[in-house]
Amino acid sequence: MLVSPGEIVVIPQGFRFAVDLPDGPSRGYVSEIFGTHFQLPDLGPIGANGLASPRDFLSPTAWFEQAHRPGYIIVQKYGGELFTATQDFSPFNVVAWHGNYVPYKYDLSRFCPFNTVLFDHGDPSVNTVLTAPTDKPGVALLDFVIFPPRWLVAENTFRPPYYHRNCMSEFMGLIYGIYEAKADGFLPGGASLHSCMTPHGPDTKTYEATISRADANEPLRLDGTLAFMFESSLIPRVCRWALESPHRDLDYYQCWIGLKSHLSLHDSAVMKDEKED
Amino acid sequence: MLVSPGEIVVIPQGFRFAVDLPDGPSRGYVSEIFGTHFQLPDLGPIGANGLASPRDFLSPTAWFEQAHRPGYIIVQKYGGELFTATQDFSPFNVVAWHGNYVPYKYDLSRFCPFNTVLFDHGDPSVNTVLTAPTDKPGVALLDFVIFPPRWLVAENTFRPPYYHRNCMSEFMGLIYGIYEAKADGFLPGGASLHSCMTPHGPDTKTYEATISRADANEPLRLDGTLAFMFESSLIPRVCRWALESPHRDLDYYQCWIGLKSHLSLHDSAVMKDEKED
Amino acid sequence: MLVSPGEIVVIPQGFRFAVDLPDGPSRGYVSEIFGTHFQLPDLGPIGANGLASPRDFLSPTAWFEQAHRPGYIIVQKYGGELFTATQDFSPFNVVAWHGNYVPYKYDLSRFCPFNTVLFDHGDPSVNTVLTAPTDKPGVALLDFVIFPPRWLVAENTFRPPYYHRNCMSEFMGLIYGIYEAKADGFLPGGASLHSCMTPHGPDTKTYEATISRADANEPLRLDGTLAFMFESSLIPRVCRWALESPHRDLDYYQCWIGLKSHLSLHDSAVMKDEKED
Amino acid sequence: MLVSPGEIVVIPQGFRFAVDLPDGPSRGYVSEIFGTHFQLPDLGPIGANGLASPRDFLSPTAWFEQAHRPGYIIVQKYGGELFTATQDFSPFNVVAWHGNYVPYKYDLSRFCPFNTVLFDHGDPSVNTVLTAPTDKPGVALLDFVIFPPRWLVAENTFRPPYYHRNCMSEFMGLIYGIYEAKADGFLPGGASLHSCMTPHGPDTKTYEATISRADANEPLRLDGTLAFMFESSLIPRVCRWALESPHRDLDYYQCWIGLKSHLSLHDSAVMKDEKED
Amino acid sequence: MLVSPGEIVVIPQGFRFAVDLPDGPSRGYVSEIFGTHFQLPDLGPIGANGLASPRDFLSPTAWFEQAHRPGYIIVQKYGGELFTATQDFSPFNVVAWHGNYVPYKYDLSRFCPFNTVLFDHGDPSVNTVLTAPTDKPGVALLDFVIFPPRWLVAENTFRPPYYHRNCMSEFMGLIYGIYEAKADGFLPGGASLHSCMTPHGPDTKTYEATISRADANEPLRLDGTLAFMFESSLIPRVCRWALESPHRDLDYYQCWIGLKSHLSLHDSAVMKDEKED
Amino acid sequence: MLVSPGEIVVIPQGFRFAVDLPDGPSRGYVSEIFGTHFQLPDLGPIGANGLASPRDFLSPTAWFEQAHRPGYIIVQKYGGELFTATQDFSPFNVVAWHGNYVPYKYDLSRFCPFNTVLFDHGDPSVNTVLTAPTDKPGVALLDFVIFPPRWLVAENTFRPPYYHRNCMSEFMGLIYGIYEAKADGFLPGGASLHSCMTPHGPDTKTYEATISRADANEPLRLDGTLAFMFESSLIPRVCRWALESPHRDLDYYQCWIGLKSHLSLHDSAVMKDEKED
């Protein structure tokens, strides 16, 4: 299975796999889930087609190797620990097999995004590629969500991701380009983590730029960007490797310094009138 | 409850109601469903907000009248037949009452439409305002769907409703403006019916105009139009009144006369190549 | 299986049965349901015990007869019609058998009734003995409900069945005693039918007697009465035999003649004040 | 939101809140649940009305404050630990907002209790005000149950809570008055904990008083009392603060000392006869 | 799609299809279901593999024809009636298409049958190939069941289909060979119908031959036979064409004439003893 | 309750019980599950009868003892720890009681096994006696599965348990006889544990003997053996007592030493041809 940048791979529980990197060092993001499998979200009113389509998920064709492979090392994860075993043959020597799961890959550029097309800002869940659900409808063990190139056409609307606090923890990464809600400091290969009930939203620079746009109601094509989010109902623990990393951004909170209230008494009055209708 | 053009009213089963028309003759569309209640669709990946919002459905405030009303006529429908009774008081004399259902209205201009924002044509179910579901997920007794003003931004896409045959029967009406898939002959107050598994789609004029647009990939704002659809998994029977109406359009099928294949051998070859990737 | 007055019998679909009446003529009520089986209602907050208890439903012990029985007539209902066959042996000749259903009986005096014990009038569904559910939670194909002897203790409450219209059709019968909502004219062996969305409630005499009681807040033991209701979400058709019966009560509606409004302006004001709290 | 004694407040996950006590020291009971929200129980056969009614849950009207508030301290609980932050403005400065949850309060005197009205003792679940369910029907993460003033009318029945062991852990508190199953020692503001599968029931004094009542079958109005229970399928751990409290009642078990068997051989024979019927 | 004898084809609702018979006259069985789709049964304890396997259902590869076809006749069934239309092109001219359903075929010899392997006779549902379920678990709109070649090894067991009456209606056909429960008269191409609650089972000749076998506990391989059953919870109506057919077997009931009781008093006593264990 | 070898007993949560061993030392296997109850598996296509039958589960008849029993010691498990209490009476002194659970026993020789009867090897889940399910269909907290005497008749099939890795952890024990997949070293009273995703299958000796059988397609009756499996979706922790036991088999892995590939190029080619059909 040849996987290019912009593609994702899902490997089911317990599969033996090897990763070959033909062209030198590489970076990626990995999430391991316990307790369920990824599936396509039930599309709800989106209906028969849209978002990720089953026909775009590709599985490898069968293959095996029988050659003698002295000193082949198998690394196995069990109960949270890694174990190592050495054998004289490749583990990819299975010739025939019946089972229900296979690895698969998906090219994120095949994703068909939906969004509001008149006003208001949609929930990012509308960009869910795959979901690992819990038993509670609407609460995911892990949602894999992307922010691909797309048109923004909502009128009278603050178009970047809105300020919010919610019950999910959001781990974001950037695959290429610039993320629409962070003008600086969020680079491809980087990651941000907003834990459950922590308020967050666009940085000050993005906010001020947005509300002062003259063409705020014109269609805007968001180009050359691909960010993603692992969104979970669980609270993630950050491992020591990350906490002690020299790449950790200790000044992240400063991106919101300078945000100020734009509410005037006049606005407040208008709001009150609207309520009375 | 004051209801204006562009608003809908839902009256629960068994409610006594009277309709007052202050300004002379009026027209509207009515659907009666048996066996379930209308509800908001489960939004699926659309998530927390979008389409019709609960806060926009308005119920009347309490009111009653105690006056003597000699000769008040009650018309009751029971088992498919209409019965009439006369009484000396208004049926709206209930002073206190506990129950689970009330009539409500909704202004269709409050609807927050979603659609594809990069490519492809969405399923019209994405515009579902209210649904009366069956026990089978995804199969409605009746969906009430609207086609409101909105932006069309899908690229490399035939943007009008696509040609299709499906298992639902579709009754459409036009509230104002021009419907995007019928250049002529579908007027406000009119209605069309495409029964289960009957192929349909844009008329010839719309089709030819669409595929020859020079700006087919530019954002387009669909303005000044409001069509709707009652979509049901049941097969409707057309009553005699409609079959014998002078307004019945016996030439409707002619809107598709002249549609012709635009496929050339070259296109076919391209398609085959794509399959081989 | 010996069945006495005050007991009910349930015979599963397709069972062959014979009814012996040792003591001369007898009367009873029969309901036949299609499409599902009777079951105990899910007790909800009532919890582990209450209403009808599984241990009180009694099944017959095994028995068979092998004797020659010339001219035995079998009557079979199939597709709504009755068919007759004659054979020379009893149909009760099954010696061993595996299956999931048996007939059973239940003594209605074993029923453990629940009701409000401080104020307000409960829904009659709280007296459900057996229910034949539909797929829609809370909507029964047929509920079998009884009104047994019990204490009425609700304070500041109109204690007889309240006036209502609802989506179920209610067929009531009286097994013995006097029914609390009909002072006259509803006798043991009789029956009333209030169809879907037909308003009904206590007769005038019961109403006036109730609101003028001096001891309306004292505990009252309802004794020596047993009424029941078949309540269905379907609309029953009345057969010709019943419509043409000399026992049909054509003056039933007169039991409500004379009901009058007891609302005065003062009451109305009180109600408004309560709303403002 | 003004909350008086006898009222409860539910604050959804993640909400910022402040508690003002205008009249000096106060006491209350708090339960925090993880993983789901409180909801009204499905009423089952109780039907359309009863127990806590949706119309009695009150939400605050909108309000915000914009004033400068130097040194405002926010305490946030995250992952089981408390964090503190200082800011110069009130957190209640949100002017407009869309969301699905709001705090609400409920006056427990609005509760409409149900119980047995002929014989037998009901399950305390019949007094459930709010439930935080698990995925297993009938098994609650937490039930909030109350024991309000009400009539006891069950005949031939031991009316206080029965002796039992069950799979739930029960934390009880008393809001005012005297609890019906503990003659002494259970005071307003106190609490008892009966863990999963620990047998418990009325104290000896209550038991002996009950079985020797001459009027045991007369209606009895339980007045001037309000106890409650947090009932959970989880096993609670008692924190050190409670274990080391001077208010801990180390002699609690003594309330059952002196309970003795009232069974005689004659009773035993009667029971056997009943079985044979 | 080339379909051979012993294969089945499923055509989804609304598909246009044509049947070509290259080798002269042919016979087959057709069932049309309304309201749901065929699916593989949930295997329950059979687990991951067995019965019909998804990998054995074959769909056609894409194909289209663009040729001019004057006078092509389309027959369409709608609302129970057949309609005819004539057009100048093949309906199989669809070049590209998105949808959720395709026709498929299945070779019945791929079926992996399960059955009892020690004693007792299994329910024929264990041979379900495809099921069209209702909302009621275990109650099918239509089950398609086969009786393929297989080993019979149950000991101390009456191995042919047992005598029974049940709530399903059973339409059986024979594809080739001899059916195990009808020694005579049930031929390939024929069909039998046992309606809901009609008792049936092996004919007299099969019964007597079975109970007198000397090798009744030896493994027996049932060879060279393939029968099937359409089993439905609905009551089928037989059309006039079948009722008036010269092929209707008016003497079918005679296959059971001569069945007689083999019960002796001694057997009866044994049974009673067993009960007492 | 008298329990003999070959029978199992299920004791519900919280029950007080005592075990009497009349005939000296004894051995058995115990599994304790938390969070749900054992139930019969939904039989799926197996239908109305088969595997363990409800009528074969036996409950004890009522009994109590009132005698004075000084020094009676009660051992109670709570929160993973054991507590001890001493009392002067037997805990089996309950004379009358209402509840939903009782202990029961089941004789494993009553189990009616199903399996493939033409070809292929079934999933061991087909021998499930009782299951303690999770909320995820098909994923058990604990399945209790047995491998009783039965006929093996699958043709062209490797009949012993196949080699596999899966997501369940399998704890096996042998009650009597020889287990079909382990020629040596797995004795009655012993146990094996194959954790989640650990590959396992028959030992080398069994494998080689199986593939060289001349009568591999003849019916084979597996006699005089009874093994069982506790299969769980959880990962078991092995306690210190077992890890340090002198009975622990440190050479277990050697049973697979010597397994070798029997694949030749010719086989590979055949497989490829089959794929092309």
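To keep things simple, chains are lettered A, B, C, D, E and F as they appear, and every chain counts its residues starting from 1.
As a convention for this text, a contact is a pair of C-beta atoms (placed from the backbone, for glycine too) under 8 Å apart; a residue touches a chain by one contact, two chains touch by 3 or more.
These figures come from a predicted structure and were not determined experimentally.
Chains touching both chain C and chain E: B, F. Touching chain A and chain C at once are the following chains: B, D, E, F. Comparing each option in C-D, B-D or D-F with C-E by residue number, the pair that reproduces over half of the contacts is D-F.
Between the two copies, chain C and chain D, the C-alpha superposition involves a rotation of 180 degrees in steps of 5.
Centroid analysis (C-alpha atoms only) places E farthest from chain D. In terms of their C-alpha centroids, the spacing between chain A and chain D amounts to 42 Å. Chain D and chain E, compared by their mean Cα positions, are separated by 58 Å. Between the Cα centres of chain E and chain F there is a gap of 36 Å. Contacts with at least two other chains are made by residues 48-49, 135 of chain F.
Interface note: chains touch in the pairs A-B, A-D, A-E, A-F, B-C, B-D, B-E, C-D, C-E, C-F, D-F, E-F.
Across the complex, chain D is touched by residues 41-51, 112-120, 122-128, 137, 148-153, 219 of chain C. Here chain F touches chain A in the complex through residues 135-136, 165-167, 195-197, 235, 261, 263, 267-268, 271, going by the rule given at the top. For chain E in complex with chain B, the touching residues are 13-14, 36, 66, 76, 78-79, 93, 95-96, 135. Those residues of chain C lying in contact with chain F across their complex are 48-49, 98-100.
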